[in-house]
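Chain IDs A, B, C and D follow the sequence of writing; residue 1 opens each chain.
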Amino acid sequence: MIEAYQAVVLVPYAAALVLAALPSYRIGAVGNVIASALAFAAGLWLMLGPQTVGSYAIVDEFNVLFVAINTLVGFTAALFSASYIGHEIETGRLSPGFLRFYHAMFQAMMGSMNLALVANNIGLMWVGLELATLITVVMVGLYRTPQAIEAAWKYFILASVGISLAFFGTILVYLAGQPVLGEGLPSMTWSLLQAAAARMDPALLDLAFIFLLIGYGTKVGLAPLHAWLPDAHAEGPTPISAVLSGLLLNVALYALLRFKMLMAGQPSALDPGPIMIVMGLVSLIFAAFMLYQRRDIKRFFAYSSIEHMGLMVFAFGMGGPLANFAGLLHMAMHSLTKSSIFFAVGHVAQAKGTQRFAEIRGLSVTHPRLAVAFALAVLAIAGLPPFGVFASEFLILTTTFARQPWLALLPAFGLLVGFGALLLRLQDTIFGEPVGPAHRVDASSVPMVMHLMLVLAAGLYLPPVLVGWFRRAAELLG
Amino acid sequence: MKLAYEISHLLAGVMLVVSFAQLYQQRIAAVLNAFAAQSITLALAVAWAAWSEDRPDLFITATIAFLLKGVLIPVALHRTVTRLGVHREVEKVVGVGMALLVGLALCGLSQALVVKIAPVSAGLARDELALAMAIVLLGFLMMIVRRNAVTQVVGFMSMENGLILAATGAQGMPLVVEVSVAFSVLIALFVFAVFVFRIRERFDTIDIEALDRMRGDRR
Amino acid sequence: MERPGQRVLGVYGLGSALGVLAVAAILATLTQAALALVYPLCATAAIVLGALDLQVLLSDGSLSGSLPLGLPTIGLRLRLDPLSAFFGVVINGGVLTASLYGVGLDRIELTRRVEPLFPIFAAAMNLVLVADDAYGFLFFWELMSLSSWALVVARHTDPEARHAGHVYLMMAALGTVSLLFAFGGLAGPAGGYSFDAIRAHPPGPAVAALVLAAALIGCGSKGGLVPLHAWLPLAHPAAPSHVSALMSGVMTKVAIYGFMRIAFDLLGPPSWWWALPPVVLGALTAVLGLLYAVLDRDLKRVLAYSTIENVGVIFVALGLALAFKANAFSAAAAVALTAALLHVLNHSWFKSLLFLGAGAVLHATGRRDLDGLGGLIRTMPRTAVLFLVGALAISALPPLNGFVSEWLLFQAVLAGPTLPQASLHFAAPAIGAMLALAAALAAACFVRVYGTAFLGRPRSVEAAQAHDVGAAQQVAMGVLAMLCILGGLLGGPLAAALSPLVTRIVGGALAAGGGPTPLSLVAFDAGRSVYDAPVIALFVAIASVTTLVIVHRLSERRTRRGPAWDCGFPDPSPATQYTASSFAQPLRRVYGTVAFSARETVTMPPPGDRAAARFSVVLVDHAWRVFYAAPARAVLDLSLRLNALQFLTIRRYLVLMFGALVILLAIAAVAT
Amino acid sequence: MTLDAAIQFLAQGAQMFLVLLIAPLAVGVTRRVKARLMRRQGAPLMQGYRDLAKLLRKESVLAESASWLFRTAPYLIFALTWVAAALVPSFASGLMFNWAADVVALVALLGAARALLALAGMDVGTSFGGIGSSREMMIATLAEPAMMLIVLTLAIAAGTTRLAGVADFFIAEPLAVRVSLALSLVALVIVALAENARIPVDNPVTHLELTMVHEAMVLEYSGRHLALIEAASMLKLTLYLSLLICLFAPFGMAPAAAGIGGWLIGTAAWSSKLLLGAALLGVWEVSIAKMRVFRLPDFLGVAFVFASIAILLAYLSRGAAE
């Protein structure tokens, strides 16, 4: 009898092996969907099941929701890619062999991310993240066009440097924990470290946190460590872009936050707040400005992911129950919304046969339904009601202003600048006289709509159990 | 015990010196040799730690370090480099002197950071931590002062060396970690190989400036 | 003072009406055929809601409830108190007439880009009023902006409409952000977002200042307070005319409501200096708005600019009310506040009327440019009469409703010198002069509009072949015109009806029924100032009738039609008439040179050359240049500069990363 | 409805007809004085009445393009001006309907008349009508702020905007004539000149195209319509004269409670003051030249400045009083 948290990790890995063995890519796609569905079921099971703290795995208010979102988005992404990826075969961008590989890797990636999420061991967490990253590197290079390889190469180098820095940070944490908790496993077990944080050496913790911030921050996509993110999003297959923006960034931020909790446990250590505020604001404002010059629709939304990650990091840097709550909410909302946007972008790219803004015009004339969905998704990410992002941004801005009025001007400025770009692009794409071809779209719109529904629901009503988790996690974050 | 410490300390010092040598070297071939030397020293250090602290599991790490980074990769890269005919290329961004100065500054920084740690608290001697950190930072530095993909790989791997030094130095760090490190290096090599070959197929050079030609939104 | 019966009624009324609106929206998205159902449904909903609001307003009661939606632990608080009820009456009046107008639209004019959004827009405006917590308020506020944006870009193939939409939603976002700040300051770090909690703990003076500023920016950007006005003349005309009527006549009032809710209710007892920003900005807005209007040549844009003016006037009145309230001059405060509320009501009436009239003109001629119209008084007589009522009313001419609020406002200004604070009582004359200027400019502006569009001879074929609009539209306009007239005559009773609300807010009210006749409007006391529209109207009626009789008795009754005399040089071509531009020339010379650094250039051909002489005018919109064009350019420039970072080599990215690491390490090294 | 009330009612009616009666005479006086100062014989004093009668008897010629507005406007303009004129206290302050409109409302009534006239000017669709209307409205925008300030000064001094109230106040304390009031008197005179299209703002006798304002608007009128327009402008002049009188020289005016006797004295005083004012206007008009249209801002600017100074002084004196 296996536990939920084991299932969450093992199901994808097992599926990866099976899919690697399956010959036909069609069956592979179906298998991918089934496996993701199973993982999602496991995720729900985990969500409803008891919370456990083992020596290797931990299930608490903080990560249970992320596992749920992870498996959910994984499921919808698999659904989307099943209906989408066939198109890539037709256009000859991929060969069946590569698809087989793709499906196997997809599951492996999901498994690794879940591993990183449920791991109670900072080493395991690191392993999971690293595996997930390396796999996405391969996925990004999948099309083997010069651009794709360049993107993958850039991603690979930056990411692996980040990985090694993160590992060094992990070692330092161990070193900090070892005198307190003794040698071996305990001083790598997160829950014990968390409990003993107060007795650790602050200077060592500072050092560790800096290395971890740079290391995991690279995967979060914080400026100036963001460089890999836009190209990786733009050149990889669209489902992978959705997973990257929707999940991998979250998992990296999740890891970062775990260590922030550690820091919060040791009062005489460096306060990570200001550093995170600065980095968050830099990312937010920089990305907002970068939006204006983008001509590739996927790269555009990649930068918007950087912007939102910056906002989250800012919120967590502000700290306090309200800001942390808002940050967590924003994390959840962003991953749902952004992945739905990438699904929509996939549709658009199929409909117009291009990813370039200049060749996408008047969607509301040629593809009304798609245009509406796309518009709703973009407006949602822009933080307009009735969607959940509005709630989180409402909380972040109000509480920031209430505490430090002048500081609040900066995120507001960044958000407004970004909003301008989003609105400009939205109007250009869906309005006006249509140009270029208007193909039939055969990708399924279920995932997109499903996500939008969820975000809408969250904007109208947050279930108390969810709120409870967020509350608890927010308290832990200090 | 004193002696054990002295030896491990000595080996770590040697590694640091070798990383400076890497920074100093002009030709790729020489850089590869220096890297090989560093990896072998690392292997020795790990082996010594395994013997002195009686942690047999560390021997695995030592062998992995020796075979993989001490022998296989340098040889493979030598091959690639000679096949590409770039083995005597000099692609520095900043002059040697400058690089060495920055390297020294980094060593100083890592010292300054480490002395703030209370002596008793750390699981390993503070100066060994300082050495490891310096090696990591120097590896990083090497990645950014060289233009050439191979040297970047080397720089990256000497970062890994520093990491492993620190990891082994950290007493009683569970086995899972070394395995994961070795595993990751494996994957890293595999992926590197894939990319180096692909790159060669497409652009007859492994200078990464060439890759930077096609980049987002320029089209 | 909640009565259970009223409560039940209210809950059902509100719920059912909103339900009807939702049904309308959904139906419209489903089937093409259902589009025609939207407006009748909206009209019924508006009637229900309006009746409910009226009932609450007159009974001076309040309804409240809460739903488990929105933010956790706060939920969605709903409350309909007299203030919201008053604005509800305003809004639903507008919605009702706009829907009536919509009922008359042809089937072919209905599109899925407009009709589904109309009910959402109406519902959102109503919900802003009943929201009783910060989240709900901003949620519906933003929903209102969003739906109206979609309506503005309904004609999406027109680049101007797209530009308007972009500017509009940007300004709306700016406003929302500053309102977020306002409510953030009000709620405090603990996050007490419900209005009750805010009332319980009003902020300290420093925070209050910030909140007031933020509220002014937030509501000002929605209402069109200079310099946040520039979106309004772009967006309001871009929408379909009955939607323009809603946006201009009604949505700006929601902004006023927001400001009142914050400044008079949530922010606690006012300090005197709160009055300065709204008063000064309002006066500036009033004058500048009309200067824009009087120089513009697009019918609907002129109307939009005049909306800016009226919003400015209302803000002046509100500011004065704040000043008087802060000094506990409850009588004067009551006068100012009544002026503000009545002007809100009146403006919603005549502005909707005028926009519907403009819509009729647009529908009949397909033109909005004044210089292409003319002579419509003969081709569309009914519209012409109704539009005339609106034009005279908005020019604040007795005995129509515009003048009632204007008169009260002047009375409030005249009481200004009694204020103890020097800055205020020296501001009073300046404000009075600016308001007088605004009033005179308004008259000039609408004489110009009416004179060029409806009088004279047609300047285009379309104008010559125009025809009156359908019955439903005429009814819609007729209702509003009737309201304008009645509102003018019954100013006293209206003020009396508002007195409970006014008493709630400023603790005093107009002396109701203190006047010589029951219908007369009394500011302060009957000995001081009285305005009795009915009596004056009666006098004028008697006088004109007697004149008519006598003149026709005495005089030669024959009338002969002949060619216009025109000082002996009549010219048959309608091009010789005075155009809107030429009408504006004196005003342009007098004010334009100051406000818009207007320059006229005349190029004369040399003697003997047959070429035509050229005349051109250059107007510079400084507000746009400084507050819109410059920032936009700055953002684009900066983005171009930063864009270089997208094109670095991998090595350079590594350098960035390395730099970040080293800097942080250095920080850790120096940090103790 | 007692006898007293009836008498009050009649008195109000009497005032209505009094202003109507005296208006042409006032204009006649002005013209006569001007003519004499120009060494001309000049028209007899009664010429105004004759003109009106003549015009009434003539048939009215309407342009083809004239609409119903063109025909109805004169009646409304006349009625509005007449009512406004009748609401300014002339021989007695406390008449029955003195409260119906204060200064603000009075100005607004005239504004309504002006707007209708301007519309009528544009109705036929000629170039001259447009010139007249646009300039008239421009002048109004210049005059009204000054007017507002004057009203404000009075309100500060007398504490009311009811004309009768102000008049009572100045009757009660004749020494209340202060510098500020003198200044606002000057301002009001300038405004009055502008409002009545007198020299130097406009020349009531010229038909020189490019200089005329008022005449340009009424160019298309003839017969009874023109008669009404003319009568209205005469009434307007009378109105402003008696406004000046009532505000700045109310002595002799019968207070609220006065009886018939007081009224008779009041009538005598008022009419003599009025005619004197008309004569002074004549003197002024011969002694000054018509201005270019775009010099007007400066001229009315003077009024504005005076009115502003008046207010400041009013503040000071009030501060002194308190």
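Methods note: a contact is a pair of C-beta atoms (placed from the backbone, for glycine too) under 8 Å apart; a residue touches a chain by one contact, two chains touch by 3 or more.
This one's a predicted model, so the numbers in the text were calculated from it and none came from an experiment.
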| item | value |
| --- | --- |
| Most distant chain from subunit D, judged by the mean position of its C-alpha atoms | B |
| A-C compared against C-D, more contacting pairs | C-D |
| Cα-centroid distance, subunit A relative to subunit C, in whole angstrom | 44 |
| Interchain centroid distance [CA atoms averaged], subunit C/subunit D, Å | 35 |
| Gap in Å, rounded to a whole number, between the CA centres of subunit D and subunit B | 99 |
| Centre-of-Cα separation between subunit C and subunit B, whole angstrom | 69 |
| Contacts with 2+ other chains: residues of subunit B | 113, 116, 140, 143, 152, 208, 211-212, 215-217 |
| Shared-contact residues (touching 2 or more other chains) in subunit A | 153-154, 157, 161, 165, 203, 207, 230, 293 |
| Full enumeration of touching chain pairs | A-B, A-C, B-C, C-D |
| Subunit B residues touching subunit A - in the complex, by the definition given at the top | 113, 116-118, 120-124, 129, 133, 136, 140, 143, 152, 156, 159-160, 162-163, 166-167, 170-174, 176-177, 180-181, 184, 187-188, 191, 195, 198-199, 202, 208, 211-212, 214-217 |
| In the complex, subunit B residues that touch subunit C | 93, 106, 109, 112-113, 116, 137, 140-141, 143-144, 147, 152, 208-209, 211-212, 215-218 |
| Residue ranges of subunit D in contact with subunit C within the complex | 16, 56-69, 75-76, 78-80, 82-83, 86, 97, 99-102, 104-105, 108-109, 111-112, 114-115, 118-119, 121-131, 133-135, 137-138, 140-149, 151-152, 155-156, 159-162, 165, 207, 209, 219-220, 223-224, 227-228, 293-294, 297, 304, 308, 311, 314-315, 318 |
| In the complex with subunit D, residue positions of subunit C that touch it | 374-375, 377-378, 388, 392, 395-398, 403, 406-407, 410-411, 413-414, 417, 425-426, 428-429, 432-437, 439-441, 443-444, 446-448, 450-452, 455-457, 515-516, 520, 526-532, 535-536, 539-541, 543-544, 547-548, 551, 554-556, 558-567, 570-571, 574, 576-578, 582-587, 589-591 |
| In the complex with subunit C, residue positions of subunit A that touch it | 153-154, 157-158, 161-162, 165, 203, 206-207, 210-211, 213-214, 218, 224-225, 227-228, 230, 270, 275, 286, 289-293, 320, 322, 364, 379, 384-386, 390-391, 394-395, 397-403, 405, 408, 412, 415-417, 419-420, 423-424, 427, 430-433, 459-462, 464, 467 |
